[in-house]
Amino acid sequence: MVKEFESSINEKDFILQGIKEGLRLDNRDKYDFRQIGITFGPDYGRSEVTLGNTRVLAKVSCEVTRPYQDRPAEGMITLNTELSPMAFPSVEPGRPSEEEILVSRILEKAIKRSRSIDTEGLCIVANEKVWSIRVDMHFLDHDGNIIDAACIAAISALAHFRRPDITVIGEEVTIHSIEQRNPVPLSIHHMPICVTFAFFENGEYVVVDPTLQEEQIRQGDMTMTLNVHKEICALSKAGGTPLKMETIINCSQIATTRAKWITEQIQAALDAEKSKK
Amino acid sequence: MATRADKRSSSTIRPISITTSLLSRDGSASFSFGNTKVICSVNGPAEVKLRDEKLDKATIDVVVRPLVGTPGTKDKTHEYILRSTFEGVIQSGLHPRTQIQIVSQVMMDDGSIIAAAINATTMALIDAGIPMKDIVAAISCVISKDDQILLDPTLQEMENVKSFHTFAFNKTSSSLLFCESLGLFTDDQYFNCYEICNAAASAIFEKMREAVTNKLQEEYHIES
Amino acid sequence: MTSNEDKMEIDHEGTELDVVLPGDPINIARKDDLKLGPGLTLTQDSVICIKAGLLKHFNKKNKWYVESNQKRYIPAEGDPVIGIVTYKGGEYYRLDIGSAHQAILPILAFPNVNKKSRPILNIGSLVYARITLANKDMEPEVACCNPKTNKDEGFGELKNGFVIKCSLRYCRRIISQETEICSLLKKLGEKHEINLAIGMNGRIWIRLKSDDTRDTIYCYDVIKRAENLDNDDISELINSLND
Amino acid sequence: MSNVTNENNINLNTAITFEAETFRRIQPEEYLRRYIQQHVRPDGRSFNHFRKTTVNLSCITTADGSSMVRIGNTTVICGIKAEVSEPNVNFPKEGYLVPNVDLSPICSPRFKPGPPGEQAQVLSENLNKLLKNSRVIDLETLCIEEGKAAWVLFADIVCVNYDGNVFDACVIALMSALMNVRLPEAVYEDGLVKATEEKTIILDLIRISYSASFAMFDGHHLLVDPNEMEESITKDGITVVVDETGQLCNIWKTGSSCSSEQLKTCISKARDRYADITSIIEKAKQAI
């Protein structure tokens, strides 16, 4: 159990002073994201995202299972966001920390609850066999804003994923291997993108995509999940300083432009991958 | 010599790639055999939990995370393998009452995962500057249905084989540190695999030396 | 550049790279008055290497050591370090210096202090101190004054400014005044008046006289970037400073 | 042997002399080294001497097959319970054999209550891999109706007394319990499985494999069947599993280095051990 690295008062004061003057250590503007790197794995559904020094790996896999009784004709999506001691040294394997619960809840809302993936399309034989899609998130390095990086990784992995093709004759289901029939992508309605804000001095100063040092001194944070059509899927403001309505509206404008920019980055990476194949 | 699906001869290893210091931890490294890739991070010697504290040496804590699914008994066994293999090699007596935490994460799974994890751990420990009296290299092989020994098998080559072997050797005396052999095999087959993997291990040690040399050249800006 | 014993001098023993890995046996001709530095150890009869890095030796003094780099600091006596106060006790402060155990800074380890005039440090403040006791079985101890001269020699609390985190080797290079980095810092000093405190534990404290945030970030960036540059890149960096 | 007075035979180069028990507690390694130098072990055994092994079968009436194995003080009980369930969708013709080792606090104070610790999980995993890879039982013989119903054999192994070398005891217990299993006739009719009252069907096992474990001390002393004290000092060791034809099924070696000659001796000793165990099991079979 290694204590989270605490910075000194001098560093905290300096960063706060910098934010007040609109200056950040890595010379970013207050509404800018860090450099995003998306690399897709040799196998389908594997995406490794770097957001500055924050690094997240998402792996999508599928299997055939029985559906839930109350939704016999719908597939399932499960998300595993266990924090790894690689990125969070002070985490105890087994006992989920408070941060882990917050992160997994936001990602759950962003990817599952927002109906981004069409689950009806995952049904094979009603209340017999459905596809169960599993997204495993692995946090490799944490330099702030793990939520946005994880969301980009999950969405790009789901978009990159292909499941084996199947033919159904009555009860009989045959699953074709990748060599026989080329695999089928998931049907994605829209791409929810998380944009995280950090607030300082009772909401007077706002910063997008905070680094770990900025996260340590923020007084409040908010994560907006929205898609490229300017629709808000989820909004999480868990405690922290109360914010005026204008700040939230102002943040939503910034969030829409950022979400559009990120979606373009994901699309560019996907197209590059397609042309490489 | 029946060549394999990816045109390799039976005793060639897939292309090895090693990168170090890629994470913000004290030491980190990624090791890959072709499409099998494992990232390992080392943190320490650092603060230890009171209940794990040992008075005369460092506590070695290992966490192994699979690529898919939640960690199960298979990963717990890999943790036990990594800890027992490296406990004999790390000079933990130099840092009493501390903890050296090794976290190994599978990035791509195309066979020989435990061998890649052991090699990644060696490189991560070197990157973290943890004192060791020797280093460890590991390699796997299978004996196929027609009694052919295939070195460094891919996931596909590991299905319906007669037996599957993983060996880990140390560098100086290249003696055996870890071995797991499963399936049905005779003594000669076992010792054949032992020799082939021993030779392959020294090739991996050369790759490790090359990686360290390249990194040092970069750091000291001396073109070799 | 011949090295003398007392100054911590990096000996530029030619450019031929003698890379060693843990476990490599080192064959040493002269066994008499052999001095083994960091990274090497004696087993039964032979010397083996326990860290990866470059093997260096001074044949005059038959002193051998391995020059390696790492991020995790291992306390060594006499090292100046930058610590963060994490606990304020009656008799001592506890500092986090980035090593396995936190360092103890006794209240009396300040120049001309007595029971009454206590130094005021609170949790989270930065302290520049020298390691007085370092041993693997005990918690390290630091002090902010030189017991002989009872002067603070620059040690004590560091007020505002910022901290650069870097590898241990970079700090060693700066402290040993390698020419390129010296000239870089001098050049930087001409533009902005800076004072620096170099901690051997991979932390460098930087504060500009003008306390201007923009310039401090500029200097922070220059020093951080110089870590991975080689000598001629650094001179390029120096020329680029003029504009 | 263990309470030998230390005045006479331990050479007195060490100035201070201890009561044997305190010496063992302070310097366990040195204590063991003194014995090994005299080619004897603290409990009086020679290096190649397995502890007294006894097996008795069907000791649990409610289980479909059970056995209790004692190797010296290490006591392990295996109970196999058969149930019916749907076969895996990818292997419609196969039943399941699920071994699980439980090292509960009863057997030794080192185990805490709660979920299985690392050692228990490693034992279960190694047993599972042994069964799967060296095909002890053809899982298709457990199939009742393809794709619909198949037998699941839950093999729960509980360690009652822990005194080292639990893996050997578990392997013997599992194999002997499998031999002891009696299953009822089962037939599948439109969604229901009908099983006859008396249980007569015996599992046809393709292979019976037994294991032998060794501890390596100071790099060149091979101690057979280490007890708890020896295991805690030498930490890890070698386990060799052979089957009735003498073919190797599994070699598992962790910890400090060893040479191939030592591996050869372990393999030959494992084969000798195999003969002893089969005779013990034969005796146990007549006993029921």
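Per-chain numbering from 1; labels A, B, C and D assigned in written order.
Basically, a contact is a pair of C-beta atoms (placed from the backbone, for glycine too) under 8 Å apart; a residue touches a chain by one contact, two chains touch by 3 or more.
Computed from a predicted model, the values in this text were never measured in an experiment.
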Inset, instruction - Treating chain A as absent, figure out whether the rest stays one piece or breaks into groups, and list them. - result: one piece
Legend entry - Chain occupying the middle, per Cα centroid: B
Legend entry - Chain whose mean Cα position lies farthest from chain D: C
Legend entry - Of A-C and B-C, pair with higher C-beta contact tally: B-C
Legend entry - Averaged-CA centre spacing for the pair chain B and chain A, given as whole angstrom: 31
Legend entry - Whole-Å separation of chain centres (CA-atom averages), chain A against chain D: 46
Inset, instruction - Return the distance between the CA-based centres of chain A and chain C, expressed in whole Å. - result: 40
Inset, instruction - Check each residue of chain A and list the ones that touch at least two other chains. - result: none
Inset, instruction - Give me the residues of chain B that touch two or more other chains. - result: 46-47, 99, 170
Inset, instruction - Note which residues of chain A are touching chain C in the complex, please. - result: 6-14, 17-18, 21, 23, 25, 27
Inset, instruction - Within their complex, state which residues of chain B touch chain C. - result: 26-27, 44-48, 91, 94-99, 126, 128-129, 131-135, 170-172, 205, 208-209, 212-213, 216-217, 219-222, 224
Legend entry - chain D to chain B touching residues, read off their complex: 118-119, 121-122, 124-126, 128-130, 133-135, 235-236, 243, 247-260, 263-264, 267
Inset, instruction - Spell out the residues on chain C that touch chain B in their complex, using ranges where they run on. - result: 15, 17, 19, 21-25, 41, 43, 48, 50-54, 68-72, 74, 100-101, 136-137, 169, 228, 230-231
Inset, instruction - Flag every residue of chain B that touches chain A in the complex, lowest number first. - result: 23-25, 35, 39, 41, 43, 46-47, 49, 63, 65, 67-71, 99, 101, 103, 105, 107-108
